[in-house]
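In the two assemblies presented below, chain A is common to both, partnered first by chain B and then by chain C.
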Partner chain A sequence: MPVVLKKSSRWRVLAAHIGLIIFIGLTLFPFLMIISISLRPGNFAGGSLIPHSFSLEHWKLALGMSYADTDGNMVHPPFPVLLWIWNSIKVSLISATVSLVLSITSAYAFARMRFRGKGTLLNGLLLLQMFPSVLALVAIYALFDRIGDYVPWLGVDSHWSLALAYTGGVAQHIWLIKGYFDSVPYELEEAARVDGATPFQAFVYVLLPMALPILVVVFVLAFLGGMIEYPVASVLLHDEQKLTLAIGSRLFLFNQRYLWGDFAATAILAGIPLTLIFMITQRWLVSGLTAGSVKG
Partner chain B sequence: MKRRSLLHYAIAAVGVLALLAGLALVPVFYKAHQPVFAGGMIVVLGIAVWIYTSARAYAYRYVVPGVLAVIVFIVFPMAYTLGISFTNYSSQHLLSRERATDVLLQKKIAGDASMNLKLFRVGDKYQLFFSSDDEGAPSYTSEPFAFPSGHDEQHVKLQTTTAEGVTGGQIVLLKDMFKLQPSLKQIAAVLPDGTELRQSSLRRFAQSKPAFKLQKDGSLVGTDDGHVLKPNVHTGFFEDAAGKPIEPGFRTTVGWQNYWRVFTDPTFHQPFLRIFTWTVAFASLNTLATFAIGIVLAVLLNWEALEFRGAYRMMLFLPYAVPAFISIPVFKGLFNENLGEINAAINLIFGSRPAWFSDPNLARSMVLLVNTWLGYPYMMILCMGLIKAIPDELYEASALAGAGPITNFFSITLPLILRPIAPLLIASFAFNFNNLTLIALLTSGGPDFLDTQVPAGATDLLVSYTYRIAFQDSGQNYALASAISSIVFLIVATLAVVNLRLFKVNRAS
Partner chain C sequence: MASVSLINVCKSFDNVSNTVNNVSLEIADGEFCVFVGPSGCGKSTLLRMIAGLETITTGELRIGGKRVNDLAPSERDVAMVFQNYALYPHLSVAKNMGFGLRLAGVAKEEISKRVNGIAGMLQIERLLERKPKALSGGQRQRVAIGRALVREPEVFLFDEPLSNLDAALRTQTRVEIAKLHREYARASTIYVTHDQVEAMTLADKIVLLHSGAEVETFGSVAQIGAPIELYERPNSLFVAGFLGSPKMNFLAATVTAIAPDHVDVRTTDGHALTALVAPDALKVGDRVQFGIRPEHIEAGTAGAAHVFTREVQWVERLGESTYAYLRGDTHAPLIARLSASSQVQTGEQLALYAPPAKAHLFDSNGRALERLAV
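Then we have the complex of A and B:
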């Protein structure tokens, strides 16, 4: 921001570097700690950041393998972590697919068509996406519990139910996709229309291929949303074999059974891919959030 | 052209399938005693058929899938929550009135007839032999039968016999009878006059009859002494003449009772007020703290004289990118009073171990600290975007006027950023107001208040309080939880409307 650098600025730059490094050191401390804990033998704290002795036992357990401890006893994985990860992926893929398919055409209509009630509906969607699903937890539980009496695969403890319950993100997705459609010039579709294409053909063959990036981003965001969701899953899933990772990982840290090291390895195993995916896609999410305020 | 028709046919096929699936649901709803849903389904399907066939509704063909999803997955659960808040739905009143009546009608009491059982094995089948205690009374025997493999009751017909056992059969010894217990429980032996006998003890079968009979007005009459149980739609119980409630209760509408309890019954009113105050304080403090840290970092990272900004930005962003379900338990472990690394360090330096999870104020500070850690990168990213939009000329002008960075910050950056960020701050407030994940994973609401009758804790937010009421301790009171949720709905709705106004003002300018 300042155009001319004075001498005092050099000190300021240095101070900023030092301040930032200290701040980053403090905020990243938990991550360094958790890596150290995952490589340390045993499940109890104590010891420095760099472990005195080194052990891969927690990693073996996290990957579903057993190992023999110093007395020769086999230690088995405490929880089916890989199964939980697979459950999470399954639920998130279903919900991301369903919510993307449901929001694409609506976003198209909101971006390109005129119809009665458009403004009201758009505002309504903007309002509704602010309501978190945690407020409707009781209703979600009661509904699926009752549906389950008649359709067992859509009751409590079913991955289908959970995936459907996650579909509420549609309101936000419609806004994100609409914002992108708005930024794509209309001329190409118009040309297609002149050549005799129906609005639907113009949408499928002209606009959609151009909008592929936002579709990927929305899909990934919906997927991540499903992977990290806690409250709804904790209400709908109870069977240990059915849990998603987000609710299963809670079972590691009870006072009676404190599996600190096993948790650390699991956390890193699951955390790294999710973190990377999020780092790559977050730019679009943030630009979608600030779009209304910045661009004007 | 062929491609076009294929796609159109495929979509038409999906439409027809959806229509058929919808139609198939109608009888299911009807059977489930939900005529309103069945009717609603028909109306919805009718509208859908009109939209997808009429040229006038063309645009709505595209709008419907998304809007319908929003209605089904957001609006309907909200409305349903509101609906539940006016009932007494809880673990004591779980069943509908029909189901509760059925449960009572299935209650059996012992009748007069009872007989001794001898079980005989004939080949791989079994035969029952019953003898009476009274001398001279007839004995009964059954045809050879196999025990049922499922869980359904099996009726076995008996005939009178004069023999003292079963010819050609081998009597089953007592120890083997034990093993056959589960199967014997499934047998209903039917006497020639139609009386049904069921196992009452290991070697005895007794007549059992329904305890109640249903009257036309919905009340139940005891078959033994004729006492009457009347359903009370206000309390949700069947009650006897003295007003004593009989389990199980049923769901019924209780009007504003749950709201009334929240606002006037001291048992609920007092923790509600405390939790409400903390929720507001938590959400505001958190929004302020993350915004303060975020904007300072954003200003630094937008400073062109600073090197390695990309690397700093990435590392500063990391806490937000790591899924909360992982980082919150990590903090829970690090803050653990006896085993955690944070207390190990504090103990080393200051010689004390703060009780992060049992002291209310420390617990609240910890919750704030952790959530600020989780949330500042988001604010930082938002502020960075907004600061970039501030024209450079403003800073150049102020540099000419000799202003320092602090003056710049307070007279240019902050005022210009406040308006566009206001809706996002409100959204952040609303998000933290309902941050169930943080509380559920970090403290579960604890430490609990010692002076309240309903379980509630110092770090409970309104949502985690409703979560506890509905799914954990204190009798799973879904209705009360829904009432509190509905109140929070109102608060969030107010915030959302204010937000929409601000958002529009920003757009217009």
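Then we have the complex of A and C:
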């Protein structure tokens, strides 16, 4: 450690560490609990953390395989879990990509161009974003139901419609990226212009590479948002084959029969794509790329 | 290489007042032209208009005889060095320098050949693979200059390139820029600075700009000319006071006699002084400013001709010379540069000789009268 610490503050550091470890334990406990539930036979939410008996039956079902129970009856997977995960990934990828493209270009306009009504528009975006999208559920349903009459692939029960609905949440991303663009000195683009770049080349070769960390953040946020969204998906999707994981996994919890074990295995499975996305994008999340461009 | 001409160029940001007002000037092929003036006088704005980073409100800009008002920066074939260097932080030094060539579609081998050549000249070969953040201020400035040189443009533009460097590095880089221009580039260069020493040492031609209210009344340009010309024949009080370090001394005075080849004046404290200037429309009794540079003042004997006496308020001994600060007409003191051996003391009444051949005279509007002795 570069800074010398007083004796008394060593105790504080120790206390802080103990506090942090307790906190980590608290956050990890639910996760370990879910793993435990998914690995024991039967569908019970309670029980001890370390299972008394061990079974892969829930995992088999989640992965779409049948298994024979103790009486010798074949148990078939109740729902197409892998398909739901794929649906979620598909919708999230589409909406994250479209969101990114839209928010990059709009943020550029807001950060670098001068036009009338800019301030009003920006504030309007922020304000609209503040209304919970749940309030618009009826409107969203009516809208896509109507569109479906004319453009069948963009109606209710379509992944494209869902992705489009998710893309409506770009306002926050625009603000985020605009804030980053604002922090990049405009002189850099001017230097590029004098070096012979068109405005578009200055944008692509100078501004975008520098904004890479924030673009990755926005992509991950948008992807994550799509993966866990519930209300809009629940009104737009009905066909069991089309469900996303977030709404599909609700089907495990009937009123009379709660399939906690299957639910737990599915939940863990759903976390894997998110973890992967995060691990892949992590190395672009380096900050401080602008350091040293201008006199600092 | 190309000449640059500005014809009645004006710039207004708010359509109310002109930030840059009515600038007309001619920069010849290969000439080193320096725009100098106080901070906020519109130097950068003028330079950015030439680069194409600001639109020209009215007037015409020609590069190489061709009107370029409506051309994008990329079509003007100019290179610019920014005050803050503006290096691309995500690119290595080599990529920074080759950026313009890459956009222009020059072949890879040709780019690296030219980058290496310039890097050798600027002694930055060792740095080519580094990112800008791993460079010192002086190195960054070299890279920025290198990036401009590599493109071999028609016109070089510099916006206060040395203002972020420390004093020693500034002097060194200044000499190098001058050398580069003489030996290598030979392209027309426009260099913006607020530092009159840089202007005097670098320029073939100085364009001194007004600031504040004078921009509207007289236009942005105060005077254009070779450094020595501006030093010896400033056309106004503003120019006389801006160039030279320390500044020229001004004594308020009244005209007492007029001859075709000189004007006699009396200072407010009653000393008779003479300036060898053409009297023009000057009349006896007119109020004028008598100007004399610190380096032209000599020690004198009280009561002799062309001598005035003032109380010494402060003395600076620099070793090679001595500066005496004397009570002035305003809160600004008069300064005299005396020999190193001068025994002058704070508080004494010092008699100083103002050689008529070295004196300047300015009428009540601040316009200079033509000097006859230089």
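The working rule: the second predicted complex is superposed on the first by the 238 of 296 C-alpha atoms of A that agree within 3 Å, B and C clash if a C-alpha of one lies under 4 Å from a C-alpha of the other, contacts with A are read in each partner's own complex, and residues count from 1 in each chain.
FYI, a contact is a pair of C-beta atoms (placed from the backbone, for glycine too) under 8 Å apart; a residue touches a chain by one contact, two chains touch by 3 or more.
The shown structure was predicted, so the numbers you read here are calculated from the model rather than taken from an experiment.
Novice: Looking at A:122, would you say it contacts chain B, chain C, both, or neither? Reply first, second, both or neither.
Specialist: neither
Novice: Determine, under the contact definition given at the top, whether A:201 touches first (chain B), second (chain C), both, or neither.
Specialist: A:201 sits against chain B and chain C alike.
Novice: Under the stated touch criterion, name the partner, chain B or chain C, that contacts more residues in chain A.
Specialist: Per-residue touch count on chain A favours B.
Novice: Which holds for A:35: it touches chain B only (first), chain C only (second), both, or neither?
Specialist: In the superposed model, A:35 contacts neither chain B nor chain C.
Novice: Now for A:83: first (chain B), second (chain C), both, or neither, which partner does it touch?
Specialist: A:83 contacts neither chain B nor chain C.
Novice: Could you tell me if A:192 is touching chain B, chain C, both of them or neither one (first, second, both, neither)?
Specialist: Touch partner of A:192: chain C, not chain B.
Novice: Considering only the touch criterion stated at the top, classify A:56 as touching first (chain B), second (chain C), both, or neither.
Specialist: neither
Novice: In the superposed arrangement, does A:210 touch chain B (first), chain C (second), both or neither?
Specialist: So A:210 only meets chain C here.
Novice: Hey, what residues of chain A end up touching chain B and chain C alike?
Specialist: On chain A, the overlap between the chain B and chain C contacts is residues 201, 289-290, 292-294.
Novice: Enumerate the contact residues on chain A facing chain B in the complex.
Specialist: 1-5, 9, 12-13, 16-17, 19-20, 23-24, 27-28, 30-31, 33-34, 37, 44-46, 99, 101-103, 105-110, 113-115, 121, 123-128, 130-143, 146, 149-151, 164-165, 167-168, 170-171, 174, 199-201, 203-204, 224, 227-228, 230-231, 234-235, 245-247, 249-250, 252-253, 258, 260, 263-264, 267, 270-271, 274-275, 278-279, 282, 286-287, 289-290, 292-294, 296
Novice: Would you tell me which residues of chain A are touching chain C in their complex?
Specialist: Residues of chain A touching chain C: 185, 187-188, 190-198, 201, 205-206, 209-210, 289-295.
Novice: Can you name the residues of chain C that touch chain A in the complex?
Specialist: 51-53, 72-74, 78-80, 82, 84-90, 99-100, 103-104, 131-135, 137, 140, 147, 151, 157, 164
Novice: For a test of understanding, state which residues of chain B touch chain A in their complex under the given definition.
Specialist: Interface residues on the chain B side: 4, 7-8, 28, 31-32, 58-70, 73-75, 77-78, 80-81, 84, 89, 297, 300, 302-308, 312, 314-327, 329-334, 336, 339-341, 344, 373, 381-382, 385-386, 389, 392, 395-396, 399, 405, 408, 420-421, 423-424, 427, 430-431, 434, 436-437, 440-441, 463, 466-467, 470-471, 478, 481-482, 485, 488-489, 492-493, 495-497, 499-500, 503, 506-507, 509.
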